[in-house]
Each structure stands twice: as structure tokens, then as C-alpha cells.
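One structure coming up, written as C-alpha cells, with questions to follow.
Every chain is named by a letter (A, B and C) in the order it is written, and numbering of its residues begins at 1.
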Amino acid sequence: MSQAVELTIQSSRPGLMEITSEVIPIVMQSGLEVGLCTIFIRHTSASLTIQENADPTAARDLERWLNRLVPECDPLYQHTAEGPDDMPAHIKAALTATSLSIPIVAGRLTLGTWQGIYVWEHRRNPTDRHIVIHCG
Amino acid sequence: MSQAVELTIQSSRPGLMEITSEVIPIVMQSGLEVGLCTIFIRHTSASLTIQENADPTAARDLERWLNRLVPECDPLYQHTAEGPDDMPAHIKAALTATSLSIPIVAGRLTLGTWQGIYVWEHRRNPTDRHIVIHCG
Amino acid sequence: MSQAVELTIQSSRPGLMEITSEVIPIVMQSGLEVGLCTIFIRHTSASLTIQENADPTAARDLERWLNRLVPECDPLYQHTAEGPDDMPAHIKAALTATSLSIPIVAGRLTLGTWQGIYVWEHRRNPTDRHIVIHCG
């Protein structure tokens, strides 16, 4: 009953991208009535978060707040060879989540009313992001 | 062997509320000798953390430190319609945990000696907080 | 098929210590083709993170950035009885991870090319750190 599916998300800009509607069919296809859905992102410059998906200003404020806390071109950085947005991306990833686990009850994710699952892209260049979704 | 139980916690003030003693009987009732206990909070303005439960000043300093890092009424916020404590609550939730997983060995959570499981309420108004505990 | 192994890591200095090569054989010994590997640290003054393991300056910048965000001897701290590095350690642990879950596919962790699993020691005195690795 243990299954894993890889999802590829094309990211085009820094910020939060909701993937709830991509995760739900994977949970349904697992056929599990009760179980656990774990979402894992295979990167260190993008991360995961569960946030409010009702008012888009909440996600935007969250992005802007973290951008201010972890600015580019901080003189502290020595890891600069991969561009000015790379080291901030690693720090932002460490402060948020690389894996998230959500129980499944009655065949559905137990997300709260306002909760959405997001990939948080921390880099500027468009790229493919690989996420593994395990249901078991 | 996969089970999920919803726990409702009445929160009356911002800060850390220990729920270890509510989680332990759910693990015992699961009957699992070896397994995984996952705790998931169904909200975006409250979160989870594992912290020291010996000296209460540790939890208090943690709350005060995060309150100072993420103050209310920051001019950056545009998401202000739900009150001055709402956007800081979302940010604090993103910086801490929405899900936690603890292995079960010999029928018990493998928490360390000083570890307690906490719900972290980030809003001021008393409310019910819903947590799902999966054992499998 | 649910198994848990305790790993003891001797930490000698604050900072990131990669444990990927200690986790891999435990996953292989589990015999699971598809499953979930959960890593849990039994402490509140050390934590876990997944970070880039290619260029060591990335881990070093991350450590230095968090040390600057959460300095010792902050006048806010009341929890000072266990030494000047204790309360910063609890805060750093709360901002990073106590548990991480990584799907297993084809008998292997689905870590990305640049991802390594790290124990993050936040205290100065050498000590043993206990980690439980569950595969199921």
C-alpha cells in the first residue's frame, strides 16, 4: 500500500506556488482510506510550506518578509559563486520545510479549511523542481 | 494498523501549550510496538514545535524572541484585514512546524528526556485548534 | 516492515555534521523497495536539516547567518542557567527541523543530487547526540 510518485513543477519566478490540486489526485489514486501523505522536495534552494490560500496577500507578505530577513549581497556570504540569489535561497530553505506529512482520513488529506500546500521557489531563474509524494 | 485521531485543543492565549500527555495515550491505544507517530496541525496561524519542557523560562524566552523577530504592525504587511496579530501568526507558523514525526519503539514515543510536544498559538483570541495524530 | 534504529553521533563543535552516509546503510538494511525514512533527533539544543553538500562554504554561511540572527548574551534571555549557548540553541532548533521524512524509491532515499542530511549541533561542549531512524 506504500506508493511514491514524482511530481515536476515548472517554476518561473521566486515565491509561493500552490500544489494542493496536484497532490489531491495522487492521494485519491493511492486508494488509502487512512494513511499518511508525505511531500518531499529534492532541492536545497526551494522548499515547502503550508499556508493560507484564501487571501493572496498573506502569501505575498510572507515572501516579502523573508526576503527582507534574508537579503541578497549580505557581506557575510562567502558562498557567492552560484549567483547572489543562491546563498539566500539555502538559508530560506533551512528556515522553512523540506518535508511535510499530512494524515489521510476517509480517503482525503486532513488539510484545514484555509490550508494550501506550496512549493516555495527561492531562486530567480526558471527551473524544474522535483517533488516526491509518498502515500502509505 | 494505520490510525488517525483528531485532538481539539482549546487555546486561550498566545504561546506554547504542551500536548505530550494528550499524544501519549493515543500512541498507546494504537497498539504499535514499532511505528511512526505524526502530528499535524490544521491551521496556518498556530504551529507545532518540540522544545524543552523542564524549565518554563526556555519556552517563554522562545516566545519572546519570536515575537520580537516578527512584530505586529510592521509597515511591510498588506494582509491586515484579519487583525494586527494575523500576518505575524502566518510568518511564525512558516518558521516553525506544521507537521512533526516521532518514531515509536517498544510501544512508546522516542522523545528525549527533555523533549515535550507543543502547540504554539500565535493569535490572541481564544479558539479551538484541531490536530490530527496519525500512528502507523 | 516497520523498523527503527538509534544512531549515536559524537558532536565535537557547533555546526553542521553530515550523516547521509550513516543513514544510507540503515535504509538498505530495511529491505524496503518503496517506503518512508524518517529521521528524528532526541534533543532540543541540536536539530536536523537537509542542505547542499557540494560546496562547504554553503553550510558555513548558513551557520554564520543563524549565529548572527540568534546571538548569545541577548538581554532578552531569562533562561541562562545552562550557559550562554543554551537558549540560542533552543531557538535555533525551533527554527530548523527536529524530524525529516524522505521517501524511499527503488530501495534508495530520493535525495536530490546536492542534498545531504545534517545534524546541526548548536552547543559548544562535545556531547553524544541520539537520532532515531525509522523506515516503514
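Just so it is clear, a contact is a pair of C-beta atoms (placed from the backbone, for glycine too) under 8 Å apart; a residue touches a chain by one contact, two chains touch by 3 or more.
Keep in mind the model is a prediction, meaning the values are calculated, not measured.
Rounded to a multiple of 5, the Cα-based rotation taking chain A onto chain B is 120 degrees. Residue numbering at the chain B/chain C interface overlaps only partly, since under half of the positions present are found in both copies.
With centres taken as mean Cα positions, chain C sits 20 Å from chain B. Residue positions of chain C with contacts to 2 or more other chains are 36, 69, 95, 97, 101, 136. Taken in their complex, chain A has these residues touching chain B: 32, 34-36, 49-52, 55, 57-58, 60-62, 64-66, 68-69, 95-97, 100-105, 110-112, 114-115, 136. Of all residues in chain A, those touching chain C in their complex are 2-4, 6, 36, 38, 40, 42-45, 69-70, 74, 76-79, 81, 87, 90-91, 93-95, 97-99, 101, 130, 132-134, 136.
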